[in-house]
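The structure appears below as structure tokens.
By written order: A, B and C. Residues from 1 in each chain.
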Amino acid sequence: MSKLNIQEGSPLQAHLPAGHVSEKWDNYKAGIKVVNPANKRKYTVLVIGTGLAGASAAASLAEMGYNVKAFCISDSPRRAHSIAAQGGINAAKNYQNDGDSIWRLFYDTVKGGDFRARESNVYRLAQVSVSIIDQCVAQGVPFAREYGGMLSNRSFGGAQVSRTFYAAGQTGQQLLLGAYGAMMRQVDAGKVQLFTYREMLDLVVVDGVAQGVVMRNLKTGELESYAGDAVLLCTGGYGNVYFLSTNAMNSNATAAWRCHKRGAYFANPCFTQIHPTCIPVSGDYQSKLTLMSESLRNDGRVWVPKKAGDKRPPEQIPEDERDYYLERRYPSFGNLVPRDVASRNAKAVCDEGRGVGESGLAVYLDFAESIQRLGLKTVEDRYNNLFEMYERITGENPYKVPMRIYPAVHYTMGGLWVDYNLMTTIPGLFALGEANFSDHGANRLGASALMQGLADGYFVVPYTIGDYLAGKAPVKAEAAKGEAFTQVRGEIQGQIDKLLSIKGTRTVMELYRELGLKMWDYVGMSRTEEGLKKVLQEIPKLREEFWNNVRIPGDADGWNKNLEFASRVADFLELGELMALDALYREESCGGHFREEYQTEEGEAQRNDEAYSYAAAWEYTGNFAQPVLHKEPLEFENVKPSQRSYK
Amino acid sequence: MSDNMRMKLKIWRQKGPNSPGAFRDYELDNVSSHMSFLEMLDVLNEKLIKEGKEDPVEYDYDCREGICGTCGVVVDGVAHGPVRRTATCQLHMRTFRDGDTITIEPWRSEAFPVIKDLVVDRSAFDRIIQAGGYVGVNTGCAQDANSIPIGKEEADKSFFAAACIGCGACVAACPNASASLFVAAKISQYAHLPQGKPEATRRALRMIEQMDAEGFGNCSNHAECEAVCPKGISIDNIAVMRREYLKAALKTGSATI
Amino acid sequence: MQNAEKQTAKPNVIDAILSIFDSTVGRKYIMGLSGLALVGFIVFHLAGNLSLFFGAEAFNSYVLKLESLGPLIRLAELGLMAVFVFHIIFAFSVTAQNKAARKTRYAVKGNAGKPSRKTIASQSMIYTGLVLLIFIVAHVWMFRFATRFNPEHVTIHGAEVINLYTPVVAAFKNPWIALAYSAVMLLLGMHVSHGFWSAFQSLGAYHPRYTPVIYTAGVLLALLLAVGFIALPGWVYFMVPVK
């Protein structure tokens, strides 16, 4: 196989604290510099994005005394896509007395991430998970409870213990509203200044240090500059590069990508998570995909007909002609295998021509047996809101007809590379939550995204930022009037003017769909060298087509959704190429990255720990085809890498 | 099921907050019954952009799965359209029939100024939350989560109130453009929890003072808000809010704190 | 922060208390309380007036009973008037505020259906209220004041009392008055059908079990009041022989 010609730069230093993994965080906290309480108010922190990570960070930093400016792309922070997380949040509380511990959560997360996560970060995550639940309950987050008044837990996403806290199917919503409330309290106290309808379009770096941002006011169209001592990027993941995903329509990679172009390395862009239980695509007008909580797999049985091309309706297919393929292949985990495994298997049976529904791109998730075993009432209690949602969208009643599900892009494990402090390769620029790459390796476990977002915001960055700010000369707000800001604003204005001047024949959405389809086909659930090479040829062409032939209606003087999308799509067209490149360069399969060339005889992901046990952080060089690769070697001192087995 | 419905649309167009608005008529062919309402509007916009004669229609949206609360238009006089407990993004075209005329208007309330076409500014809601829609607890000072037992019934009541997505349909549907259901949902969430007690007085007075300052109307108990609420939040919460307010007002002898 | 809050001048006690009733929630307490008081009055009023069915003597002894209360009845009248005035003033201010909250009206008005309780009655409270106000002015003028200009007296159980039976019968014998009176009583029923339940809700009196009962009771009460009051002119017009 011809190895790509990639230039390698210096390896990365993650600034890990000394000591055993279980002592690192304590050692770190004991050793960091702290900012004097009287001095905190002299520092301004710019928090970009106000989802779980952003809102929790903004609130915590303001409580500590820092001045915070928080920016939100929507009309309100409560819209952030964290709100859509259904299932729950993990924490090593061991309230169920089933043998859970910080160690076990750490172990499960490293293993679930297919040994591509940084051990020390994961351990810290498991440690603070406990405090997150305490914090959220104190805030009045109405978690599900038992009759006796204690918190209720469920097992989730293939975990062998019940460590998931939840609020019906709306856990993300409740946690976000808690963090949002905490932040609004600081807005009221005058410590957080909230800017809504703002989209970050660039980072301003002065003397190699992040010094501020350029924002577009989506309501007025104006470009605005803000200066600060640190910039916290809490802007989520880049799943929308696929156009169709479970991400909200406005979720985008622009802020992160533009930071990348200013010098922040982008790590593991090819690590994307495909969620197995989504409602299938119904037509080419489809704008987004809807996830059905993974908890459905606790009681639903996944099957397809044994015979390819069997188009009989499900009730006419007798039991012995059904293939419950997950139960068959993974007797001990059955329908509860991790997301990547479940997704890949669904794709495999559909590729064999055994998919169901009109498109043949779906498998059944059947509750008939559960309804018989548990009674209708119990199934209703557990899943009624999800069943209703399914019926609302498909017009079919899942109590009577099995659900049709298919995998869809859901989460991106890759993101801006950060060290142990959550700082990117640009000093002063931090990345939190899904925007960074660190904690989930090549595959995220269910109910861990909420945990990580809040861990970073409430309990990690409030410490690590102090270490950075202590001793730094505070930046004044007037710095935003400086030359560096004017220049960046000019560049952004130029880009907007250029976009509007093209006046071509193809709409933004058309080109966006085209990119999304290519990404799904070649950089989606399974990848091949051939496909990746092909798409690496096609993306630059599509990018050229975009810059020559896009048609954007209206002007830049106010609300213009097409213009907003155009600049996001422009960035996706660049990021997509890096994802494909990363996927091509990583000649192994791990977690969400499945290269067909690298699989075991049974069709499972085949890692190559000798060659690829590293995080791949890419440096932008000005040439999308020739980024420089910086490796952060991953060392597993506590959890020995093994072939994941869910049999 | 039909894949080529023809829809007649009557859509409110308004260039900016201070421009006058008016309805414009559109016709759209090949509408599939599987489309969501917003996807139908997407298709209309693609057509408008291609034709190049007028700007596409602006409407707000984000998650398109009924939880973020960003979307929302009044469809034939009903906020979020004719299907109960359904946000506009989850409304599907199978609800309509070939040849139907659909009138689409923005949320209408002085407290929600129109930004453009069907997009309104709901920051009034943020300011109400800012006035007290939280429990004042700093990060790091919480006790163990299970040290505050809360009975399942109360926890559930709190959750049902907390399920509010802040879409503003309650205001849009209320004949008086009252925000009572929104405010009540938040006050009631905390009224059912021990964590909410220490700040109950302050919360009730300040949130209601802010609600009034934003220019929302009075609640006349029409309950139309509950009927359009995508989360089905009950007006029982409004009664809870009024009790909380009464308690607070009696305690302080004033509407302000 | 806390010190700064303390330093801001507090309004005087009366202003502070009044501020409660300036809020949207506080105003509804007034509307609810005064509304319930008025419902109480109307029920009492109807109960008394039913004596009309039993002829002149029965009716006039009811009048006598009230009059014999002396200053107490005058006080009750003043109190009643105060409640009316509150109800009316707050109704106007609430309505004005509601209109101001939505200046651009919807082109299409719909109804979302259950569990909405938005009805013609609930949406026309100010209009039915206005009609009732005009009615009350006329009604009070007609029976409370005009009858006293040139009173005819009768003697019941040895006491002399103003004869109200004759003017009431005379009025209800006029088909236009009887018809108008009946129409207004229908509107009264409408007003109460929303108002009764609404008053409880406005006062925060909610209970999962009792609230539905109150709602139904309100509708029944409204029906009863309308039927009861309409029966009066009906009885007089059709059943009382012309003298």
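Convention: contacts are C-beta pairs under 8 Å (C-beta built on N, C-alpha and C of every residue); 3 or more make two chains touch, one makes a residue touch a chain.
Bear in mind the structure is a predicted one, so any value in this text is a computation, not a measurement.
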Of A-B and B-C, pair with higher C-beta contact tally: A-B
Nearest-to-centre chain - CA centroid comparison: B
Rounded Å distance, subunit A centre to subunit C centre (Cα mean): 61
Subunit B and subunit C, separation of their C-alpha mean positions in angstrom: 35
Centre-to-centre distance between subunit B and subunit A (centres being mean Cα positions), rounded to whole Å: 27
Complex interface listing, subunit B residues touching subunit C: 10, 12, 21, 23, 74, 76-79, 82, 84, 103, 105, 108-111, 173, 175-178, 180, 208-209, 211-212, 215-224, 226-228, 234-236, 238-246, 249, 252-256
Touching residues on subunit B, where the partner in the complex is subunit A: 1, 16, 32-36, 38-39, 42-43, 46, 48-50, 52, 55-56, 58, 60-70, 83, 85-86, 90, 92, 94, 115-116, 119, 121-123, 125-126, 129-146, 148-152, 155-156, 158-159, 162-163, 165-166, 189-190, 192-193, 195-196
Subunit C residues within the subunit B interface of the complex: 11, 13, 16-17, 19-20, 22-29, 94, 97-98, 100-118, 122-123, 125, 194, 197-198, 201-206, 208, 211
Residues of subunit A defined as touching subunit B within the complex: 56, 59-60, 63, 74-81, 83-84, 93, 95, 131, 133-151, 167-168, 170, 173-174, 177-178, 180-182, 184-185, 187-188, 194, 196, 219, 246, 248-250, 282-283, 285-288, 290-291, 388-389, 392-393, 395, 458-459, 462, 507, 509-510, 551, 553-554, 558-562
